[in-house]
């Protein structure tokens, strides 16, 4: 193996000669430069395999022939090797990104600086001598000072100068500390100094450590001394910042890791606090940024803060080093990629990003991948790092820290997805002259994106076990579809459909799809719903082309993973992939980006609540879903509360419902059925496999004080009622259905909360049935939107003549939803009400019954306004939906009718399922009749027969009395003998529920929306004040450095 | 002046230099004055490090006298004759690094002045928040 | 107000530094420096222990130090880079007397500098001090004769090769002595207090001296006249406001 | 009882009930006229109307839903009646009540209205949807007190089974829910005013505003079907109230009397009050009747 | 002989204060050079001739020159 000292020596030697190579021409210099980086990276990479599997011992490298402490030594172990490879790759990609950007002024000059910055980072990473560390720190700093002058923007100069000022303060503090450490321990080598430092007088050590920490804090860009670094991100060329992120910043961080061995344990809380303040505060302040580059600066600061927070924990062994390493690698890969991409966009404000990377290959995909990775979503390594960190913290009982960490992560969601929202927004006036990312611009992002993905997938397998083949097949199809996204929608959806069908057959053969188990039932739902969406997608249209089918496959695979989960980790990983893939799909709607980002923020909050709940369980030693039932005491209460809240937020329960209408209505039309039918049920699945298990296992939880289950049921009922009421007042067909969906999920929550066999049967019946009828409604409306080009209901009317099939679908959908017999909606309601009665929750019973009555208003409104009444002149030429969509609807009609005629087809497996859960039966089946445990009966089949017979009889009667009457034109109506006005004025449709609105006016004010807006504004105002601490004045920044010393002196452990 | 050791004197002087320089950085608005202040800080730091190696009565660590060449068993005796050379080596390095940083800062000042036409630190606060 | 606050904070820093003073009093050298003092002469052959430390024991630091200087000179050049097509300002020539004097003094000063670094292992001084002296000589020339052009080509070659030579010497140590920048075994340590002693230390210090001298000279050259442009003075106003 | 005789008895029962409905309708018109100081039509006027309408041919149709509207209406009315137990302890008059319970009845009530609304909607006349909009608004409003009352009863018997609720009221007049649970009953009977859509809640038809509301475009045979449906529906609804609040009936005579009594409650009230505006009606039901209903439910839970 | 040290220290501190208070930047730069020079004398007294030489050559000499160049290329008076 090659001696790693070459990592420093070779670039230095080449660096000295680089001016000479430059004389031979620029290509030669660049080639030599690139070759050097490749060489060093290869040297480091060659060590990796042996170091990873432990067959190679870490190497201690001497210089000058002397080992520590006489000479300066370096060390090359696994962390060093990983960091060096990362730094090398970053430098290589930065060279690719920066070389084409060199202008006549800088040509040939920045290369030398880049190479030396890299060398400085190598030195920082490897050295084991305190003063040598300082020297390399200075090399890195001076390299930074110099290279930020890259580019024409003189704000980079200003940032560079401020950075130098505070850097000088850092050097001062560090030198004082190093000099005294030498004085106190007699050595400079980090090999033996940690062992000697405790012999030093405590009084002196406290002050020395204070200076050391202050100096390192400046180098690490912790709050409050990160101002110049932020300016640097703001002003300097992003490609340069990528290099610094991948090389220097990591080097400094690792240097801090080495130095941290000197700190007595009393300092650890201080380090952790500083790190966490930086993480949470940095992310918080980033939320107010409207300049993406500066935002990336805040983000970098925050991420570094998180790693600093971890340093003491890794030292004490509370957190495995691997976790911190994953976070660091993830941050490097993602942030560098984002910075390179940022370098392509010349402007600095968010507006300049509108519709960025619309054309060209892969820019937007890579940007999305970078954002997903940096916000810690699976399968990227950051997720596994964060998970491990959080679980370790949970084991150590550090719940406060977990809270702060998750809060900071949530802030991260807010600004990153707002950024991406802007990118997704298509604004033709702005996107016309967008720069297109060139091949070299994408080299780094692609390399790092791929690296992150591969590493992440490796970890996915490592941490969650090999997923079943079916999941892999679907995910793989998804990835392939993403790559070939320019093919026609027909091909994409057909491939997806085949993939889903193949997976279903595969899973069915293994018996995984048994509907009498919870996972089996939900897998059936997922595969069935997915197949229907893809089938409908064969017709093309909104949400069936481009990257949507690919993302959809990934979504389906994540849902399968979630449904099959046995451990909390598997569940959460599936959950988070579901979150982002559905988010990206929603953003593909025409006006989707904004609601999508709101969706993402609420989903993020839900995810973190769920994670928090899981941590409460893991802290108590339970890592599996089944183990949740064994939780007791406060762990159970916390797990129940947090999981429950998370699931409620994700299901858009009242209070958190503000995300739903936008996300549902603006998502691609053919995807909305899935969002409503399947994804909204996933939190319910969560309730069943996680939250309610806790409650079931803890009678104390149920009996003490206010019954939490009743509370949950009440939330469900209020959601059902409130959303129904809101649905009444919508003019937008999809918004109406959106509120309706959320309300329907409220019924399911009520059923689950009853926690009885009958309640669960009702809930599960509704889960399946809602998929069918709401899917039917959404598909029908999607067809209508496809044909008419509008979603506003009063702009339609009379479409029954033009789209009879869609009318029938809608009719069946609304009858099923309303619960009017003889369709199965009544069966579901009957089950639910019986369960509520048996449970004795009368007020909830009243509320849900009332809600279901109110639903009539919007249901009639939907079908009437769209299909009945007067046909608009502009819709005279509208045709029925295309064949695939029609087939989809027919299939769902068949399903709905089958459930109506013979619900036992579903109820029998559900009964078996519930029996397995409760060891008690919900129903007995007396022929076609359903009999509850309390003796109530209902015979759906007979009811259907009765209605059909009556209907046929009556229809015959009417035929006899009045054989086919004459069909008349649509304007041939009784109008006092006058010529009626045009159809637009005859169609009573806009503000349909006007009297109703007047009556309810006080209740339907958008209070909740106002509340969230106030939260956003108030929080934003406070944050805005906070971030004004970065006044832009270099002097103030230096003052913060002195302030930091003072604060540490007054509050630190040395006082 | 009893009890005032040379070390204390040097250290006190060094600290005063450092504080003086930092005060200039914190108070003066002129960029060049701030850099001058940092230069004073540097000088102070150098003095501080060297002072930590000071030992009254001992000579410079240059073994150019024959008395140091006595037989090997007196090797250790040298230790009590010369001052600690390590801080001196460190100061040497620090001085060179310091001049490098100063030079770079001054080039920044010159360039900023060329662009902005002012040496006021308040003028270079365009990037903020 | 802010200034008073700043100074108050600074007082705390001062107080902290002052409380460290009692720990800075003269003590006996620790084990590491004792080793240098006791064995430095035998192990490196140079009588100047500081040089032994700088070039050998902590030679890696010095390599870094040279890099720092190299980097800041390159950085200064980068920051003060000349715009394309930008012309130098024609300076006002100095008097002939000054020019002649400077040229006469130039050679002896350079020689003195060389002396300092060549004897670095024996007497006080070394590469950095010698390099600085050489740079002073160059400075004198630059000041006296404003139109004087440094032989950039030659200087560049010298600088690059000296730096590369330093690294190469290090590799020599790695190849022969088994450790980067090793002294022992590469060249004979020679006799005490002789010019040709102390192994590679004089070689390294010579290379360092050359490099530092050329670097500092380049730095001065850069500072004196690169990046100047005609429009500088009158463009202040607009440029400050725009951008 | 075999299916054939069951169907036979049911047909008979339905025939009687339908006629009773027509007769009551006639009586009401007469009574209303007298209250208003008119002479009024003969009591058998509904029969005359029915005959006239049924044997006039339909001239036009606006589409299939328009045509099916009256069919839905009739199915809704007849079907609801078929779910009602009319006389306690007499299985011959239980029709098909074993198919489901109170919940089924409550939800089946909407069947006819919904179908009717759909048919009217296709008619394309603006007055139809206006009427429907008002009707839906009012319906949701009066359902709240009604549901509250029903749940109060159900909470006591712990069953949605109507026969069980009837059984619980046996043993004297004071055991009737009307007296045992007066608050809930009052709420329910106020709701009944809305259900029957007489003044002040006759906003759907609202003759002087939107001539006949949903039925604007209908004529002739369509109307005859609606009359049948409405008549059956009215009787069925009244039977339900009788069973829930007046202890059911032990004989046909008792049933006839009780039905008459319940029916006339709404008529008398309607003769006195002015018509509400739609939102007034909604607000009305959501205030006092709802409050009474909540009180009644609380009371029955507290006991 | 500590008196000598004290005197040197006083001189250098006075030079330092002067450098910071002086509004003429040329004078200021020179005074900072003087501080460096005094410190290099202190280095000699500490027993660090190498450091003293460096400080004198680089700290007092070269740095001052660079400052002077910078002053010439900007403004001579602090405003």
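Should a chain be cited, it is by its letter among A, B, C, D and E, assigned in written order, with residues numbered from 1 in that chain.
Here is the rule we use: a residue touches a chain if its C-beta (ideal position, glycine included) is under 8 Å from a C-beta of that chain, and two chains touch if they have at least 3 such contacts.
Just so we're clear, the structure is a prediction, and the values are computed from it rather than from any experiment.
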| item | value |
| --- | --- |
| If a chain touches chain A and chain E alike, it appears here | B, C |
| Where chain A and chain C overlap in contact partners, by chain label | B |
| Most distant chain from chain E, judged by the mean position of its C-alpha atoms | D |
| Nearest-to-centre chain - CA centroid comparison | A |
| Farthest chain relative to chain B (centres taken as mean CA coordinates) | D |
| Pair joined by more contacting C-beta pairs (A-B or A-D) | A-D |
| Chain centre separation (chain B, chain E; CA means) in Å | 11 |
| Centroid spacing, where centroids are CA-atom means, of chain C and chain D in whole angstrom | 104 |
| Approximate Å spacing (C-alpha centroids) for the pair chain B, chain D | 100 |
| Mean-CA-position distance for chain C and chain B (Å) | 16 |
| Interface hub residues of chain B, defined as touching at least two other chains | 12, 18, 22-23, 26-27, 48, 51-52, 54-55, 60-62, 82, 86, 88, 92-93, 95-97, 99-101, 103-104, 106, 108-111, 115-116 |
| For chain A, residues that touch 2 or more chains besides their own | 131, 135, 138, 142, 145-146, 149, 154-155, 157, 176, 180, 182-183, 188, 1035, 1039, 1042 |
| For chain E, residues contacting two or more additional chains | 48-51, 54, 58, 62, 66, 69-70, 73 |
| Every chain pair meeting the contact rule | A-B, A-C, A-D, B-C, B-E, C-E |
| Touching residues on chain A, where the partner in the complex is chain B | 131, 135, 138, 142, 145-146, 149, 154-155, 157-162, 164-165, 167-169, 171-172, 175-176, 178-180, 182-183, 188, 230-231, 234-235, 288, 294, 1027-1028, 1030-1035, 1038-1039, 1042 |
| Chain E to chain C touching residues, read off their complex | 48-54, 57-58, 61-62, 65-66, 69-70, 73 |
| Chain A residues touching chain D - in the complex, by the definition given at the top | 798, 800-801, 811, 815, 818-821, 826, 829-830, 833-834, 837-838, 840, 842-843, 845-846, 849-850, 853-854, 856-857, 860, 863-864, 868-870, 934-939, 942-943, 946-947, 950-951, 954-955, 957-958, 961-968, 970-975, 985-989, 992-996, 998-1000 |
| Chain E residues touching chain B - in the complex, by the definition given at the top | 2, 5-6, 9, 12-13, 16-17, 19-20, 25, 28-29, 32, 35-36, 39, 42-43, 45-51, 54-55, 58-59, 62-63, 66-67, 69-71, 73-75, 78-79 |
| Chain D residues within the chain A interface of the complex | 54-55, 57-65, 67-68, 70-71, 74-75, 78-79, 82, 96, 98-101, 103-104, 107-108, 110-111, 114, 117-118, 121-126, 128-130, 132-134, 136-137, 139-141, 143-144, 147-148, 151-152, 154-155, 158-161, 216-217, 220-222, 224-225, 277-279, 282-283, 286, 297, 301 |
